[in-house]
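The two complexes that follow have chain A in common; it is paired with chain B in the first and with chain C in the second.
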Partner chain A sequence: MNYRFRLLIIILLAVISAGCWDSKDIDKRSFVMGVAFDLEKTGQDLVMTLELPVLKSFETGTDGGSSNTKKTKAVISTTGTSIAKMAAGFEARLWRELSFGHTKVIIIGEELAREGIGEIIDFFDRNPKVERRLKLVIAQGEARDIFKTAAVREPIASTYLYQMLEVVTPTTRVITHNFQDSLRYLEHNGDTILPRVRGTDEELIVAGSALIKDYKFNAWLGENETRAVAFIFNTVLGGVITANVDNINYSYAIRKTTTKIRPQLGDNNQLVFTIDINAKGDITEVFSEVPVNITEDLIKKIQAKLNQIIADDMHHTLKKFQELKTDPIGLSILTKRRYPKFWNQNKAHWKEVIVPEIKFEVKTNFIIRHAGILS
Partner chain B sequence: MKLSKRIEQNIETIKHELQNSSDLVLREFDLNFNQIPKIHCALFYLEAMVSNSQVTNAILQPLMHEIRDFDERVSTTFIKFIQESALTIGEVGEETELDKVLLSIMTGNVILLIDGARTALTIDVKGWKHRGVESPQTEAVIRGPRDSFSEPLTINLTLIRRRLRDPDLVFERITLGKRGHNDIVLAYIKNLAHPDLIAEVRKRLQKIEVDVILDSGYVEQIIEDDWWSPFNTLQDSERPDEVVAGLVEGRVAILVDNSPFALLVPATLNSQMMSPEDYYVRWPAANFIRIIRFIASFVAFVTPSLYISLVSFHPEMIPTQLALSIAATRDGIPFPSYVEALMMELSLELLREAGIRLPGAIGQTIGIVGGLIIGDAAVRAGIVSPIMVIVVAMTAIAGFIIPTYTLSFGLRISRFFLMIISSLLGLYGLTLGLLLMLGHLATLTSFGVSYLSPWAPLNIHDLRDSIIRSPWHRLKHRPQYTSALDPTRQATHTSKKRKAKKKQS
Partner chain C sequence: MKTRDTLLNQEIPVIVINVILGVATINLPSRLARSAGPDGIIAFIAASCIALIAAFLIVCLVMRFPDQGFAEYSPKLVGVIPGFILNILLTMYFLYGTAVVLRTFSDTAKVFLLPRTPLEVIMISMLFTAAVLARNGLQPIARSCQIILFLFFVPLLLLPFFISIFDFGEFLPLFQTDFHSMMKAAIGSIFALTGAEVLLVIGSHVHIKRGFMRLTLLGVLTAAALTLLIVSLTFGSLSVEQTAKLQDPIFEMIKYLPVPVLFIERVDLFIFGIWIVLAYSTILILLFTLSHHLAETFKVDSSKNFVIPAAVAIYYLAKIPVNDIEIERFGSFFNIGWLILVFGIVPLFLLLSYIRKQGQPLLAKSEKKEKKRKANP
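The block that comes next holds the complex of A and B.
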């Protein structure tokens, strides 16, 4: 037999005998759109809830029309102590392989988050097929209740929630970090900020955020605090700030912002962080009974007011973090990068000793590009 | 064996040698000249291979009626006199060997035997029925000449000569085929094509020993570098303009009698991805089409295997909405995706082949019946998913963009290889398969030229006529892969002028 032919047979045998092990057709998989975790009433076991799309409702064409009346999703729950075991249980019930490749959100209930979220994150971090763009969210109340929400246009709560967090409409009310970003902060020092979600029957409310300290839920942050954090994370892509000048409200729509944070190690090891916020935007509304003539002077006044609002927010939020002895905004990452020696000396007591002593210098520069035209 | 002096004996021998074939015509007549006694003559020819009017008007008429005087001052011998003064035909030769005479009859010449002469005259009055010059079937263009090669070699040579009046153009004739005695012409431009290349082609051609050469495909398969490969290393073309363009690049063409396809060597993957039209339209349009063509050939190559690997191994790589809708449409289909894909791709090949074989009018119908009706019915019957129909349609449409039929064959076959390896190993398999294909292509050579040139080995100069075609004024030099002796093809004075202007300013 020819050498080439023999080689071909060997390669073919190797391919045939080694191949196919993870071949599973798309219709033999169950796509999990969202996972929710809660603490069971007894406080011992986990409750894992999945939101699954009903495939028939996604079929287009042939039947047509009647899709509104069809059931579009299935929500199933199980209890257990390990996520892998619960997932296996689901697979047995569904006779389909669970696929987390299209999972959009992981929602953790408030009660469970207080106990710790590390165990839950591990399962998803370890699975290479999990999409890193998914959102890790903390639910106010029970996480599984979020899946009960069925909005008219977005019957699947997970995609609805994901779209809201993916900055479809620019807003400063949410943290848009994805799973990968959250993991980066968490794995550095166990602190981060995750979006907060609340559900009603017909809509989801995403506003504010949850402060995680040492993998545990610590406190809620309000909308203004969340906005400050969004500025620090440099994820602000839009949104409206209202500035009150001479008893008239001016709405300022943010178009573009950039935030630069720089640590500076002064004498006697005093760490100073300079937070430099540059924002460009337009005045989109003047809430006044009589038309206001926008003069250059007035613009300067509005800009000063905006600078003050954000700077105040910023100081307030940072102070809160310092009082809670937490570092969810990655100050340690920046310090480690800039002053590795200093970081190595102080990383053991970073949150307890160093963070409360940090000084912050906030520079805000809000620019009004134009104020619209009144005919 | 030599011819005899006695005409009766010669007639008998020829008749005997040609098995007294029914299409052999023998016309005996006498020459009645004034000065000399009657001379017996005979004409031999094959019935439908000569032009009957020429035989009558240019041979029989002058010999039997018009010429009465043999003047010894004009020609030394009688046979020379006939040849030089009597026959009003362009090409007349003398032949003394019996074998040559027989071959001459077979090629369509008229043989004139004269009593008492050991020499026969071969008179070229070939005139058989043949297909005329028509528009190309496989390499049609919109802008550009519409003539294509036909079967007779003479016509094909004319088509080349009409475009290239270069006195250096050489048509080297080689007769091959133990029984067929077919004419093959090696065409090249002397002082341009590299002598080593010419010598190599000539050497390989002379080694051919077959009964008959029915098409240039015979020659191609016998002299190609690698018979294992699914890819062809000789380029075939039915367009005379493409062949001439090849000749002036320093390539060598092989034309085979009775074949409307000429061969061009050396051939690379790049040279086969080009259509003559790329050079006739302006460069922005040409580039646009070329980029699309390269993308399309890749699409035709990998789409089915990509579908298999994404659907059965990596559905997380498909956008969510699409993944859900694919899953929904696949729900309830009894076959795994690779069976579905192989089945559909095979039926596509089936339709293509059926379309070629069926008579013209029905060929159109089979496309509609096969493509639309069976496709739709298969989806409704739940045998295949609608997305699979899209994949197959895309493969088919993209496949037809490849300008050379022969090259697209190679890609069509390798596509199935990729599909099989993807159905076993997923995207990893697809990557392996593509690497394997790339490795194979890189090892191929065509008459010493790498098949992947100018990409591997990289030739930056030739890159300006590959995926991108530079404007004509940037194509001042011939491509380098042919090692043409004269590298310049355009005068360089325009660029010199520009440089001078730059210097002044």
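The block that comes next holds the complex of A and C.
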């Protein structure tokens, strides 16, 4: 009896603990790699577009190679006013459950971003399956057009875009923040900077960024402005800066950078931010007809030029933010930490009154370590 | 005392750590960030001090009556009927506490792991699994807890080395919260540090009482330090504002951080696994304590027969809250119960034991005597 009772318990446990209610085979799921949102022509509804890989196309053929004659992805769209409702509509059309666990990018079209991105974010922020490492980007033009890009080596546009944003060491032209980083700034004061993407038939171009103010697209930032922001966010992992000294272009490859930002409150409540940028890198190219001897003086000249380029970019970008009365780089977060009393007194009119009055001191210190293998 | 119901000295901190760490640890950073912002760290340190004082009082009482459980000495201190009422109230306390833990666990598991599985099935599976071991006595529980401890201790200690995004600035500005709000946050977070009160029931089963106080405090301190580590990591990586917004920020933190070992893309699943095991050990210890206290109250030799009825009662009690808000309110009532028990009944019993000259002097003194005797035979 005792033995039978124990056996019964084991069988019961095996049955009820197996989580059968939630078991779902892989072929009954639709893995959403990317989601794009646009504004419908009437301006009332949203257009939600999904990029889904066709798993069958990745199966190995009888000869050992993949059967690449099949379509590798499906791009489907629907219109509606609620994302949850549109997602349910997709499930009905596909007869498969949408799985957002592998979603790499959320792309928002320019026109929709002008109306606001807050409503789009909530669905993904609330969903426990969503990976917070995915990228939130703004498309120049229609977001769904990004999925039309069919690069030869990267058939899934979402993966292609994600990899470009994730592995961006060769460039400083993009913001590498992920979904959680973007939320951190957005939910603090409604402002942030998101990467800009546009697509052609065969490639995606990620350069520059979109300035978001109060959850709405406000202005584009050029590549140099974006580079300045990347330095402020301390996300520069590499990239090349060209410095022109005595009419010769020197390519400086960034190896390591650190940025420290400190607020300082003066006697008359004047807020001054000191931005201290330190960079180490190498000269990888001297664009000159005749060989150039890299002397100590020349190194100092190149370093000074690099310092000036980045400092100018910084001042220009920060001035732009002040003119637009926006704080996408978290100046308010730093002020709140260092001067909580001042922050509490001024948080209500931070962007309107305080931000335009802030003074910036930019200190740049670019160091050249090597100049290649030439002596 | 049966052999299988004895607790070895080294198992005391193991039991204490296992009962403290569990479901409440997961949403603690959120509660602290919401109620005290960056000062949540200070509030938690204050809560840890309260938990240490509580553990000290509990052990003092246990050592006054080293061979008796709460149910046995309470009638001697306050009289038979009030003692019986207090025993029933303590039963209700453990019943309620286990129900809170079970429901919080089941709800979180449903949201993150098993959205289609009925809540009832998650609760019954957990209770059933815990009941199987709880029926077998204290020693198997303690041994299981030792295995469980190794299972989460190493990953927890390794976790900081994999957190590549961490900003110390997130802990600023400190001391911006007024004393009242700070204490409110500390009391609100105490649920994550409760558990040492199980010793009121199972403390009498400790085989040798030498070092009981030190080991219990070590257990509470270790659990508090591990929880503080988790809270700090969450604040520093996700930011205080984002932590406050999320219900279970630790899971989201894992999903946000860059994957250290590329072949394990869903590293969050490992964390879920550890968390389930931790929740299991908490429910298991509480269920055993509850059934054992019932057996002692009704003077029954074995607590085995009380395990299933207790589990059934826990199940029905855990079903009462309708939504997240009610579950949180459910948990806050438990905090009040804990405060009354630890800072009301326990000191009162200690005081009464001295007034009525019941129990033994604290073991430290008898130990000294024993040492003296050994030194001068």
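Convention: the second predicted complex is superposed on the first by the 345 of 375 C-alpha atoms of A that agree within 3 Å, B and C clash if a C-alpha of one lies under 4 Å from a C-alpha of the other, contacts with A are read in each partner's own complex, and residues count from 1 in each chain.
The criterion applied here is as follows: a contact is a pair of C-beta atoms (placed from the backbone, for glycine too) under 8 Å apart; a residue touches a chain by one contact, two chains touch by 3 or more.
Please read these numbers as outputs of a predicted model, since none were measured by experiment.
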Worksheet item: Which holds for A:F31: it touches chain B only (first), chain C only (second), both, or neither?
Response: first
Discussion item. According to the stated criteria, A:R198 is in contact with first (chain B), second (chain C), both, or neither; which is it?
Written reply: neither
Practice prompt. In the overlay, answer first, second, both or neither for which of chain B and chain C A:D22 touches.
Written response: both
Worksheet item: Between chain B (first) and chain C (second), which, if any, makes contact with A:H188: first, second, both or neither?
Response: second
Worksheet item: Of the partners chain B and chain C, which touch A:F58 in the superposed model: first, second, both, neither?
Response: first
Discussion item. One more residue to check, A:R132. First (chain B), second (chain C), both or neither?
Written reply: second
Worksheet entry | Overlapping contact positions on chain A, where the chain C interface meets the chain B interface | 16, 19-20, 22, 101, 131
Response to the item:
chain C partner, complex, touching residues on chain A are 9, 12-13, 16-17, 19-22, 101, 128, 130-133, 178, 180, 183-184, 187-188, 333-334, 336-338, 340
Practice prompt. Please give the residue numbers of chain C that touch chain A in the complex, ascending.
Written response: 111-118, 121, 124-125, 128-129, 132, 169, 172-173, 176, 238-239, 241-242, 245, 251-252, 255-256, 258, 266
Item to complete: State the interface residues of chain A toward chain B in the complex, per the touch definition above.
Response: 4, 15-16, 18-20, 22-27, 29, 31, 33, 53, 55-62, 99-102, 104, 129, 131, 159
Worksheet entry | Contact set on chain B toward chain A in their complex | 228, 311-318, 320, 323-333, 336-337, 380, 386, 421, 423-426, 429
